[in-house]
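Some structures are shown below for you to check.
Next come two complexes built around subunit A: one with subunit B, the other with subunit C.
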Partner chain A sequence: MFKKELFFWITISSGVVILAFILIPLVEMMTAPSMDMLVKTFNDKDVMRSIWLSIYTAGLAALISFIFGTPFAYLLARTDFTGKRLVESIIDLPIVIPHPVVGIAILSVAGKNHWIGQIMSELGIRIMGSVTGIVTVLVFVGLPFYVNAAKNGFESISPRLENVSRSLGASIFGTFFRVTFPLAWRSMLIGIIMCSARAISEFGAVVIVAYHPMIAPVMLYERFEGYGLRYSQPVAMWLVSICLILFLALRVLTLRSKKDI
Partner chain B sequence: MIRIQDVNIKLGQFHLRDIELVIKEHEFFILMGPTGAGKTVLLEAIAGLIPVTSGTIALGGRNVTRLPPEKRNVGIVYQDFCLFPHLTVEENITFGVKYHPIDREKARSRFDRLVELLDLSHLLRRLPINLSGGENQRVALARSLMVAPQVLLLDEPLSALDPRFREEIRHGLKELHRNSNITFLMVTHDFAEALSLADRAAVMNDGQIWQTGTVNEIFEKPRSTFVADFVGMKNLFPSSFCDTRACIEGLEIELERQPANSKGYIAIRPEDIVLSRKQLVSSMRNVFTGIIKRITDMGLYYEVAVEINNITFTSIITKRSLFELNLREGLTVNLAFKTTAVHDF
Partner chain C sequence: MELLKNNMEGRKTMKTLLKRLSVLAVSAVFMTVLSPVHSYAAPKGTLTMFHAGSLSVPFAAMEKAFEAKYPGIDLQREASGSQQAARKVTDLKKPCDIVASADYKVIDKLLIPESTTWNIRFATNQLVLCYTDKSAYAKEVNAGNWYTILQKKGVVWGHSDPNLDPCGYRSLMVLQLAEKHYKIPGLYDKLIANRPKENIRPKSVELVSLLQTGNMDYAWEYLSVAVQHELKYIILPDEINLGNYKFDDLYSEAIVKVTGKEPGTFMDIKGQSCTYGVTMIKDAPNKEAAEAFLEYMLDPEGGLKILKDMGQPPFVPCRVPTAEMKAMIPAGLQKLVEVKD
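Moving on, here comes the complex of A and B:
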């Protein structure tokens, strides 16, 4: 133990500084709006619609990540191949790319000048200024979080458990649903939470692809630009509260079932 | 019956080469070898968990080389048990039943028999995490036997256990083998396990099988220095043969019969060498006098190194005889062994 030494006090004080740095602005923002303002904002249809759109598109993005990301995460966890590192770095790319660039990149393939854009327009799919566009962008930025969490979950399960299951007569599918999934679902759920949390917070990429329909961060930005800080605070307050409640509910569900294993 | 013909497996840097092995119906066969010899790879190839690069694997006359593991009817039990942690003991044991055409009655009676045989009745509702090592391994055995495999593969099933449980599981294995018509193929790096369990065995090293035969044959008549060393023949010397004698460093050792070659190795087990202070009166034809170089405490016994003409012989004696003979380093002693104790190859 390094108790009472200088080093100990350095670690403690840096911890206090970091916590204060995170908490003071958040608490200030949450407590600044008056009750009256909060109620007014809650009854503002535009605000509630944008928050609902945010949650709905982020959830959809997480669902799509789950459907496509799960088999791929399993592949990455179970196999070794040349170029695996490269593939893993590609998965992480959306994390490091500046957000507006993501929006620009998506638009460049969705436009009329690109064959993908042409196919989509023939199918009647519109990216620019549509819910489809928002979801597309959110999947792009959220996918790495899901794939990585699910991959870690799969990696933590011994392949020997799957071997035993196969030797007992279960097919690959049977093994996945009876052994792998029950052991990995918690990691997958954490992946879904992280993916949707990331998606809900996206602003830069969405604002380029779809200013309307307005998701909550864009609405927040518009209120701030048009009316100032005081009018954007209640929106922020409601967005954060609703998200926190949702994520907390999910976490509680996972923690509760941790007891039985 | 397991018939492995000319099997090669390439696995990254590792290469399993020209494996030929025939294991008879209902045999208890042991695959021995040091860590990294490729024993587990071979086992998993038989189970269908690792694809073979070339060659064929047949089980009971059926070529299974290209079959997926679930179609092979081969059970596997790992060293670390590999019980499904989210299922109770009972759910673990019955995991495979739904994939096999067994009627309810029969499954029930088989389950009851295994639970009784392996003494698991008080554990059925528990989760694996709350079991001891020995209990875990008993559940793993029951689980694999529940689907009545043709072949049971055991990957060092005893090595993760405390000595107390090891004895218990070893006994259980013997019992299970006797009470079934399943072929057992067990991997171990422990020669003592092989001696107490197996009918026949094979020694592997570096991706190849070095010797196959009855356990006694391997124990007494190794055909290579590697196998001799592996089975504990500590006295291993290169020598030339003339008539019925082996010559090493001017020392002439009487053999039982004349070897086929003029050059080779002789090997003597340390427990076959007798030490004495006085001139030994016995029928042993190889008697030499040497100086004790080193006495090593091995816990249950002592290892005594005796030097004769620059050759060091190793003998094993009990603590009691060490004291009775009053042996010390530097002392001159007589060393004797029978001609039948000398193995040449």
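Moving on, here comes the complex of A and C:
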């Protein structure tokens, strides 16, 4: 490639700086807690319950994003219409809005002062302090990541392939599932990973909507406030490790199939 | 005018600089930053303060007045739960000049003796039950029936986390004291049975937005917070509102179990009137500015007046428990403090 040139060394050194920037604080945090504390935290039911709740709600948020986001991403990838740019920026809005604002916004719709909140309370759906509320928030913050990734995936597939399939008599559904989906599923999977990664890291919006039941980042915060750094670090360590394993597994799965094709 | 007066006094005290200062005096009228008194010894730079969320509104007003008086100082405030404010100093080692807590005991417990040696009690507060005109039973609720309404099914009420926020355990104390005061055995348990865990929030101020958005009907708050956020509220009798230190003996009968120093351990907190504490951190990065601020804040005509106007009765003068502690506070502040436990 461009080895031994100055440019090469610039790329290498910036890479080292970036990795160090990410890893040094994380390694420091992960190695701070003693083995004893880690074991104790691992056996702490509350901690494990919160980590499980985090994974479960983030997964649910990704699933909902997948179900509602896929058709919409397909529409955005295949059609052009006036105001498309506007629609696309609306999709991106949850990425830019400060997290607590998301929480407040959702609560203000879910309260009795709003007609949606009134309907929900009559149906017995509660957002404040419920798993429903947590998932709602996580979908809100995670959805853009899925829609964007899936849209990029669909855009990279030539519409000609779909046209061929249609001209040979396949239905729209048949075409989507037999032609488009097999070609785009990796982008969709990356979207799901991005969406659930975003969801699992959310704190600011969740803590406003639901303090109890506690997801792991909220538990971390509670541990920090109530007991200090010493007791919040092991929780962080477990959350980071478990997430790392999960996401690594997903990455490996996607990589392996890349070689197949 | 006040500035000019200050300048005049300053000139008297600094005779050696008289000549130079008189030249500067005219320009000082136009350039307040360079006013003679302040240009000589005025503290400047960034002043960092961690304080209880319930102090946000009065401190915002104080910040404005204080920075007008000392244009060279930039007061940077961080509001949080009182415990967290202390944790930021002890655990995160964040540089900080002043910590103000909604419960002076937080300073005693977490900051003394490592981070500071003294703790000035400067204001009181009391617990009230807040609601809005959209709350369930808003038209009927009063000081005589609030505890029956809070037991009704469908009424959503909450308080802040007793493990993190003094307002949280104080809310529970009010309920315990109510059981005694109204002579209804089992009232506390019945009330708590109608308050699912989900209605708890880390900080009491966060409950305000739940009230305002109609997600919650009633919330326990400090009187000051209720006044500052223009909420409707019910004033409770002194015997249970934790606002009158004359009832401290009675208050101490309320005992709330909160989490201890490590997960799984607990400790009891006894009821006591709401008393706010403030201290300066030992290795404060900007001691001069911190002293200047405390001097303003503890002045009956300065910060204490703002507190009073915002529903938070101050101690005039402010108090320290012992003469030894008084001796440890900066000299400039001693005149503003009396020894009284």
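We adopt the following convention: the second predicted complex is superposed on the first by the 246 of 261 C-alpha atoms of A that agree within 3 Å, B and C clash if a C-alpha of one lies under 4 Å from a C-alpha of the other, contacts with A are read in each partner's own complex, and residues count from 1 in each chain.
Methods note: contacts are C-beta pairs under 8 Å (C-beta built on N, C-alpha and C of every residue); 3 or more make two chains touch, one makes a residue touch a chain.
All values reported here derive from a predicted model rather than from experimental measurement.
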- Message: Quick check on the superposition: with subunit A as the shared anchor, is it clash or fit for subunit B versus subunit C?
- Response: fit
- Message: As a test of reading the superposition: which chain, subunit B or subunit C, is in touch with more residues of subunit A?
- Response: C
- Message: Just checking: does A:H114 make contact with subunit B only, subunit C only, both, or neither of them? Give me first, second, both or neither.
- Response: second
- Query: Looking at the overlay, what does A:R166 touch: subunit B (first), subunit C (second), both, or neither?
  - Reply: first
- Between subunit B (first) and subunit C (second), which does A:Y227 come into contact with in this model arrangement: first, second, both, or neither? second
- Is A:G124 contacted by the first partner subunit B, the second partner subunit C, both or neither? neither
- After lining up the shared chain so the two structures overlap, which partner does A:G83 touch, if you call subunit B first and subunit C second: first, second, both or neither? neither
- Query: In whole Å, what is the nearest CA distance you get between subunit B and subunit C after the fit?
  - Reply: 47
- Message: Let me check the overlay on chain A: which residues of subunit A are in contact with subunit B and also with subunit C?
- Response: none
- Item | In the complex with subunit B, residue positions of subunit A that touch it | 158, 160-161, 163-172, 174, 178-179, 182-183, 261
- Query: Residues of subunit C touching subunit A in their complex?
  - Reply: 81, 83-84, 87, 90-92, 134, 156, 161, 163-164, 196-202, 206, 209-210, 212-216, 259, 261-264
- Which subunit A residues qualify as touching subunit C in the complex? 44, 46, 104, 107-108, 110-114, 117, 126-130, 207-208, 210-213, 221-231
- Query: In the complex formed with subunit A, which residues of subunit B make contact?
  - Reply: 44, 47-49, 68-70, 72, 74-76, 78, 80, 82, 84-86, 95-96, 99-100, 127, 129, 140, 143-144, 147, 149
